[in-house]
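Mind having a look at this structure? Questions to follow.
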Amino acid sequence: MKRRSIGIVAALILVLAAVSLALAEGNARKGKYLYRSKCRTCHGSSASDLSPNSKVQADWKKTFAKWEGVKCAKEWKDISPEDRTDIYTYLHDYAKDSPTPAKCN
Amino acid sequence: MSQKEATRISRRAFLSLAGATAGAVAAAAVSAATAPEARAAAPAAAPAWESRYSVCDMCFNRCGLIARVENGVIVKLDPNPRFTKSRGMLCARGNAGVAQVYDPERLKTPLLRVGERGEGRWKAISWDEALDLAASKMKDIGAKHTRCGMLFSAGADMQSGFVSRFAEAFGSFNVTSHESLCLLSGNRAFVDTFGDVPLPDVKNSKYVILAGANRLEALVTPDSMDLVSIMQKGAKVVVLDPRYTKSAALASEWHPIRPGTDMAFMLALAHVIIQEKLYDAKYMAERTSGLDRLAAHVADKTPAWAEGETGIPAADIQRMARELAAAAPAAMVYPGRRSSDYENSTQIRRSFAIVNALLANYDRPGGLVPARPAGLKKAAPFEPPWYDDNPPGRVDAKSVPLLFDDEGSFVLTREAVLKGAPYPVKGWFVYKTNPMATAPERRKTREMIDKLDFMVVVDIAMSDTAWMADLVLPAPSGLERQDPVQALQAGAEGACLVWRDPVIAPLHQSRPVFDILKALAGRLGFPEAFDFDIAGYRRQQLAAFPEAEAILKRDGVFYPPNAPLGGTDGQPFKTPSQKIELYCSRYADLGLDPLPVYAPPKPSPDAARNFRLVAGRSACVTQGSSTNNGLLSEFEPENTLWLNEEAAGELGIRQGDVVQVQSPAGRGELRALVTPKIRKDTVYMLSGFGTLSGGLSHTTGVGASIVELLESRFDAICGNSAIHETYVSVKKKGAA
Amino acid sequence: MSSDIRRHDKSDILMHWFNAGCWLVLLVSGLGLIKNERLNPLGAWLPDALRSLFGGGSAGGAALLVLHEAAGVVWVLGLAWYLAVNARGARFFLREVFSVRPGDFAWLARKMGRMTLGVGGELPPQGYYNMGQKAFAQASVLGGAAIALTGLVLLLSAKVLPASATGLVGWAVTLHYLAVGLVFAGLLVHIYMAAVSPEERPGLRSMFTGHVPEDYARHHHGLWLDALEKDALENSAQDKDGPGAGENG
Amino acid sequence: MSAQKLAMVIDSARCIDCKGCLAACKQANHVSRGTWRNWVKEAAPPVENGPGGSRKLGRGHFQPGACMHCDEPTCVAACPTGATYKNAADGTVVIDPRLCIGCGNCIAACPYGARFRDPEKRIADKCDYCPERRAAGLSPACVDTCPTRARVFGDINDPDSDAAKLLAANQGKVVRIIARQKDTRPNMYYIASTAPQGWTVQPADPLSFDFLAGVVAPAVRWAVGLSGLGVLVMLGRQLMAGAGPAAGPGQEKKEDGHE
């Protein structure tokens, strides 16, 4: 009995620690706002249609690790690092293989 | 003597029946004209009605229907034969849609509370007053408590999406849906196993295990109809349920499983399938991950072990595992819908998902099939604002490891509002959902409402939730509305599209929630978020199908081109490993059990509370939303407590006695239904009775409220309400 | 010959023919409403024929029922009106009809014997009504009351009475049928005696004129005439009881 | 060609007791609260041996039904006005609401309990296979709405109808529910299974109707007959005695002498 409750506490601590592993650190909600205002202006109309669902988490991670290489790197320069983290968090946390995939229709 | 007579009659009746067998077909050829009293009646005239398509609004299934309208009055609702998702049917509730429209107790005007909460004193006010008031209260709350100080809750409705849109435009993250009181545990488990929530293709299945799903009473189209059809064609349907439901009665096999032990059954199935190598080894290697770990995990989960847990004989479990595997991939453990049973429901449903994975039935006829894209376009895009003063997330965020961000958890949101932490929530906008009657521990919902500065409810009737509000706004029924296009999924047949046009003008002063939200958006300074009408919205939704509008008008339903099954073959699953995760790596990362670990159901902490209370459905009512319906209340006039006959005998309770039921959450009094149709350790009652509202004459003061009794437990992983965790005591009223 | 004696006043005459007319309509329409193998008095052709006269099939039956109900209401209201405007006459009528004298039964037996078989003894003298008339009138009054009451039940059945009233309605049907049947049996004799049999010609005439010849009165209603003459001698004033009895022609 | 014979063929094994047919019927036919034109009966589930000597309920069965539109309807025989009759055109047993006087004879006369007196319409009511809907080319409401297609309807004299096809496909398996007390030759056909059984009742005439048909009607016939006979005899004597007015009054005159 006692061992079990210790187990639960341990699990809870692990959970709190692990959330950061599964989810990125920025503010996904602000990221969604920023993504819509800064990226969606082109992506979906003049540029390729992009949404979190377009890639798996690993791909988003790769993309953002080397963002200087993307086609629209010129536009990315105007985005502050904090904002970029938020956008990354949004795209990553709602990626195709995320725990909460963004819904399509 | 009369009893003797009756026995004799039935025996004789049986004999004449047997005799009739041979004669019946011959008799069919005899002309009626030989009857002596026969005369011809004048042929009846066809009714002078107009027929208009709509979509049923009596539950979430959205069955296509044809409204027969005479002189502006709906006289009958008939099924739309072109609507194949429902197999062209309309159930008792659908038929009772007319009674809902013309319910004399419908809300007629905006009402402002003038007495104490729950006292029932209201003042009719104009729409302008009502909207001005709501807008100014919401503005005040936003200014004082940040925009997230407003909570938005919407039920399953074709306009509910507009409520979420409004919340986003207003700036609040706090949206809850009915789903967290219903099915999210199952969704969680399947997303974490398959990467999506597949649908059962019952129609083509040869073997279906319904574990707890009462699909012949809790109707889901087309699954319920298809279950009957496939059984007639020789498919096997196994029901596990502590209650002899109608599904149990008609199933090929029924096992009165000990409540809370479904996972033991599933692990034993997995044990047999793996032990006897009844799976498709190539498929498992290519498409799944973690088979070895699963095999080790279930190595000791033998049928004999499971028999001890579930009460189902080991030989039966072994046989079912073999039968299931033999029928695979046209076989399934039905994923279920209402899945909010236990605190470990996500893990229980994971065990369902794992057995399905072992059957290699994903995207196969008769198995579990992915929802097919319906091709609807996003309509009326807008730029939601950002408020830097807002808190970082939902009020219930991070209270469990894997909350669905769009749905949240009502139970956990309620806890947060009660605590005022992590931040205060002081306003509540409710559309067509009724937590006072659907969320466990009604007392707590009541206390939550007391914490609020302002609560507005938009609904068609004075629900218990509306009864507690400050402002109540009358909505029209689905039949009086124009609604956007919605995609519906029907197993292997894929998606179909429906919309609604009003079949009659809105009654009384009712206004659709879209109009209400649009008016509020204007008053609150973000009219651009609702700068469209529904007709235009629908045109944008259907941009990919220029022919759809005409077809929807002609047929009441539009079938977009659907890809055949098997389209996901070779495609990665939307999981971190890109495979079906028998072993859930995400859970491992989060410190959760990566394989479902069985724990026997917790015994009652109180010896006096020796019955587990389970919830369930009748095919005649949709929880609390239709028990007050004038027609349906004839089928379910009151709820009773199902009590096993042996247990009743021990308690001295006879048929129809009023019993007192008590739990830590509350108490209730209702009549006992003494029956062999339930296990001795379990009691059951229907929801939707024992209401509080003065606008529900068929249910207020009638029966007992299940949410008064249920404790507010929740799923440890996704926060879904866990409604089978409550033990109750039962005694005859007046007994010591 | 002798002078006429006043026997019926205008309301009596009106009432008689009103009653007769209603009976005709009600009987015919009523016959058209009975349609059942075990009840049809003359076979199914009769209701079928009547229904076809009234529009055929169900519609004809329905029309007959409406007519029957309307006529029934008119009939009951007419009787009620008569009771109200000529209460004295009604009282006289009822007293006369229900007062049976010792010789009456002998009269009836002998009369029936004489009329049918041609045998029977001397007929004792009769009052304002003879026993045959009295018997038919009694049946008409009692039967009429039963018909009116049961008819009212049937009229209200599908309009007012609750679902539990089927027992009452069923018995109303039975009694309605019985009462009409019995009165109708008497009616045949009444019509024969009054309209066909030559001996009652003056009686038939009096149902139009109100008067009977003194001879006729003496022969047929001797006791009545005796009483009239006695009254006239005693107070040579108007008789208080007999309707118009004092107005000797 | 012979007239239609409308009938219902019920595959009761498909019935899930969802009560869709009951609700549809009520709505289509304005049947008053508390009364029903159709039904679903539930068979008491068999008790079987479960694990460890326990008892377990076996396979259940539901039986949809309604007026069986019999070929020898006891209700028709009991109706005093012909309001209830067999429609020669389509074989249905119908009620003419305009002729029904609410006597209730037909209710007791039905062995299936298919009839009731509607508390609001105050007359006998029962299933009529929705004639208005049929006129509009639709199935009866219960059939149209049935989620599992347990109720099938059609003209069984027409081999192309759904009902006739279902009958033909199940030849030898078709049963009817026949009251022990009286075979009214019902036109409701069940495929294979009809549990529960033994629920039919003795078709009985109310005492008032038995008395009417058995005692009153013959008595009235006798009374009217006798009276008619008497009139005929009197008429005969009158005619035989000669056309002159002498006969009758002459006799009367003799009596005058008495006075």
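We call the chains A, B, C and D, going by the order they appear; numbering starts again at 1 in every chain.
Basically, a residue touches a chain if its C-beta (ideal position, glycine included) is under 8 Å from a C-beta of that chain, and two chains touch if they have at least 3 such contacts.
All values reported here derive from a predicted model rather than from experimental measurement.
Chemist: With chain centres set to the mean of the C-alpha atoms, which chain is at the far end from chain D?
Modeler: Centroid comparison gives A as the farthest chain from chain D.
Chemist: Select, from C-D and B-C, the pair of chains that is joined by more C-beta pairs in contact.
Modeler: Most C-beta pairs in contact, of the two: C-D.
Chemist: Can you work out the whole-Å distance between the CA centroids of chain A and chain C?
Modeler: Taking the average C-alpha coordinate of chain A and of chain C, the gap between them is 103 Å.
Chemist: Calculate how many whole Å lie between the centre of chain C and the centre of chain D, each centre taken as the average of the chain's C-alpha atoms.
Modeler: 39
Chemist: In whole angstrom, how far does the Cα centroid of chain B sit from the Cα centroid of chain C?
Modeler: 74
Chemist: From the C-alpha centre of chain B to that of chain D, how far is it in Å?
Modeler: Here chain B and chain D have centroids separated by 42 Å.
Chemist: By residue number and range, which residues of chain A touch two or more other chains?
Modeler: Expected reply: no residues.
Chemist: Indicate the residues of chain D shared as contacts by at least two other chains.
Modeler: Counting only residues that touch two or more other chains, chain D contributes 77, 82, 96.
Chemist: At which residue positions does chain C touch at least two other chains?
Modeler: 37, 58-59
Chemist: Counting only chain pairs that touch, give me the topology of the graph as line, ring, star, complete or other.
Modeler: other
Chemist: According to the definition already given, which pairs of chains are in contact?
Modeler: A-B, B-C, B-D, C-D
Chemist: In the complex of these two chains, what residues of chain B are touching chain C?
Modeler: Its residues touching chain C are 36-37, 39-42.
Chemist: Given the complex with chain B, which residues does chain C contribute to the contact?
Modeler: Chain C reaches chain B through residues 37, 57-59.
Chemist: Over in the complex, which chain D residues touch chain B? Could you list them?
Modeler: By the definition above, chain D touches chain B via 2-5, 7, 11, 13-14, 16-20, 22-24, 26-28, 33-34, 45, 47, 50-51, 55-57, 59-62, 71-73, 76-77, 82, 85-91, 94, 96, 131-138, 141, 144-149, 156-157, 164, 167-168, 171-181, 183, 185, 189, 194, 197-198, 200.
Chemist: Which bits of chain B are touching chain D when the two form their complex?
Modeler: Contact set of chain B toward chain D: 6, 9-17, 19-22, 24-25, 27-35, 37-41, 43-47, 49, 75-79, 86-87, 89-96, 98-99, 216-217, 219, 224-225, 228-229, 232, 244, 246, 248-250, 254, 256, 307, 311-313, 619-620, 630-632, 634-635, 676-677.
Chemist: Can you list the chain C residues touching chain D in their complex?
Modeler: Residues 33-39, 41, 47, 58-59, 61-62, 65, 112, 114-118, 122-123, 125, 154, 157-163, 165-167, 169-174, 177-178, 181-182, 184-186, 188-189, 192, 196-199, 218-220, 222.
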